[in-house]
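Structure first, commentary second.
Here the chain labels run A, B and C in written order, and each chain numbers its own residues starting at 1.
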């Protein structure tokens, strides 16, 4: 997939690009558009890259947008004329991002729901992105920060540093339709938030992760984890990631699942499963698999049950044993909380 | 109960009211005041509603305030003269809110500690409130947001979106006396925070929920849940709500309780109870109830123990069984952390 | 240890000092410097205190800095000339802070990594610090807040209250080198964040606590708790504090440890230990200590195992018993996530 966008870049005091905002990222759907964009971007062999646009460049882009039938892009070009740090970026989803604009464009595509998690090569993302202070005055490189903080104080002004990280928060770039995000500091740019999803204050969504559709998220969706439609992650529930200290299997959550408050999973959960509040189901936990009448079918590692839908995982409150059994109660997202998103 | 307030409204680009700030909500305690307010508000039959106030309206309100002996309201009216989006709102606690100002007034009453949780009809609250972007420039309707974000960027300014939700954070409307709220993003307008309460960063308080008096809150108080005086909710502890995916019994916490870090309750907890760190006590968990000497009294569902005060709930670390026994150690809130609030 | 700093103070409407920002706190390493600073600060007997600096005072400080060979302090003095609320503060690490500037200086020393946790007397800190509203316009005393909020509204401006607390967030004062702090609202001034540490959104670090070096922190480091190098605290993991409702033993985490998501410790953890996700290991939990072949060595309280390195703590998923056994798998922090901090 080839995607592109007009971007407004931020630069540090050494004029290095540290961040880029893409108001309207888009996919180039057919060959002619792809070639024209590559030309304009100075990429004769195709691939990914970016180019600064001066007035001539903006005109050329506007003409290109007209030629490929994208009036919204034309309109945006007109709006951005005069912007001093304007660039055009093109990314090939199969290539690792090699610059800050490319990295930001790929993260935008996820948050605009143009790309879904796992569809893009994000190798070396951490090496490309700069660790920045995200402040009330926008992104600031860390060497530049102390002088800026002192300056603000002396002027009697306030400069707040919300975060020191490679990723900003998504809502400062886009708010996709039909979602509620109670504490946006916990939603990284690059999160894919499906329409109808509510993320409560305790919820968290990392980049290249998120929900496929409607969901109630009060737990943590680690990088790479996708939660299926109509699922419910209870308060502080955990989906084990693979980035740091975790396991090696990619965790996912099926449709119509319920992970209870303070629970967790270290293995994929199939459709219609429930994990009892407080139970951390690691992939290697030894589990007693029971039948519908409570009879013991077998004892196995939790990961061997990963494909089974409609199961309830609990810790027997008398024996302390982790059990898996076919479940009864339906999980129903509270209509009222989602219909009005 | 009839309550009222002068409110400053925010409107979107279509002039719909999206939010209202009430500097000084109050209760109309006697019949004459109630009738005068209803008249001024254009509510001949009583009930709830609001009315825009022009200069004549503000004068009429000031006169009403003088007549009912409310000099603070008179003073406020003088202060608000000239405000272009000024309104008077009256709410009947027994009627469901039917407009944004009514909804906001009811939430203010809770946060001003004028009303306590469960005292007001909040039916259909989610249908009445707008899902908004809460930004560094105040509330913005979602359709209006993209243009505003782009505009800010082009001006070299920063527009941060803190939250996308129907509820703003309480501290932007009122900070009641005698509380500490370490991360105010986690305290919704409509939360009732008792004097002497500290809510640490991990703590969370939803609307129509909160604490009756002094408390140390590092866990999550779900909508509808009230925590009694001198109780302590440990880090990331959970009080199961009824809004989404939870149970059906309203959970509450008595006085002098301690819910350990990462623990949780799915049933009401009577006075003086302790829930061991890490234990999620669901209403349906089968529990061994022990006597003071450790003898087994009976095995029953946790919910059957809901009324018993002075109990310790733990998971036996050798047998894995959940147990309930009369407790020894007192729970004492650290004086130093609360006396100086 | 004697430390000092030029500070810019904030005062409330009654002119009481409520906060102080120290751009460049430092240690006075030798006797002559200590004496000169004490003199300039009006402390003939030594100890801790502060003094307002007028133009003459700033000159005297600049001369002192030159005399003790501190060109950076001279440079800062030049920069701060003209500042109306400038002070010089000196603190003796062994004395309890008795004023707001002294308290803030001690917290700065921790966050600048000049002092480590437990090296300074912080007695009565809560009594000295003011509970303040931390706003988009800086610190505001609580009595001053309502008028300011109303004023802002009438001017069509936004005043956001991020927090109501005695402690501000660290990043508004300093961002030490080599760290990532995804949600800075959760890092208090006074936190000691070691170089190479990443604190994710779910992580939290209190004052007088933190990490000794590189670490991945997604859990809560309570006041007084120090985490050793190359350790990993999983999402929402808990280190029990002693401030409120917790135990009495100071908890610490050794090097190369892994505390799983939603797990917790109520006792110190020696080097190389792992606590399974979801397990809360309280100091008093009765644990089965196993040998390398799984044989039972003894049953004892968890606190008796506090000194043992290289242990895995888990809850047996069949028997429900908490077990401690020598561990196999190495814990390795993901290089990519830390090298680029």
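Here are some notes:
Please note the rule applied: a contact is a pair of C-beta atoms (placed from the backbone, for glycine too) under 8 Å apart; a residue touches a chain by one contact, two chains touch by 3 or more.
As the structure is a prediction and not an experimental result, all values here were calculated from the model.
Relative orientation of chain A and chain C, expressed as the C-alpha superposition rotation angle, is 120° to the nearest 5.
Mostly differing positions are employed by chain B and chain C in their mutual contact, as under half of the interface residue numbers are shared between these two copies. In this assembly, the C-alpha centroid of chain B lies 30 Å from the C-alpha centroid of chain C.
Within chain B, residues 136, 162, 185, 236, 262-263, 278-279, 315-316, 319-321 each touch two or more of the remaining chains.
Taken in their complex, chain C has these residues touching chain A: 8, 21, 23, 79-80, 82-83, 135-138, 162, 169, 171-175, 177, 179-185, 201-202, 216, 218, 232, 234-236, 258, 260-263, 276-279, 315-321, 331, 333-334, 336-337, 340-341. Taken in their complex, chain C has these residues touching chain B: 126-127, 131, 133, 136, 142, 145-146, 149-150, 153-154, 158-167, 185-186, 204, 220, 222, 236, 238, 240, 243-246, 262-264, 266, 278-280, 282, 285-288, 299, 315-316, 319-322.
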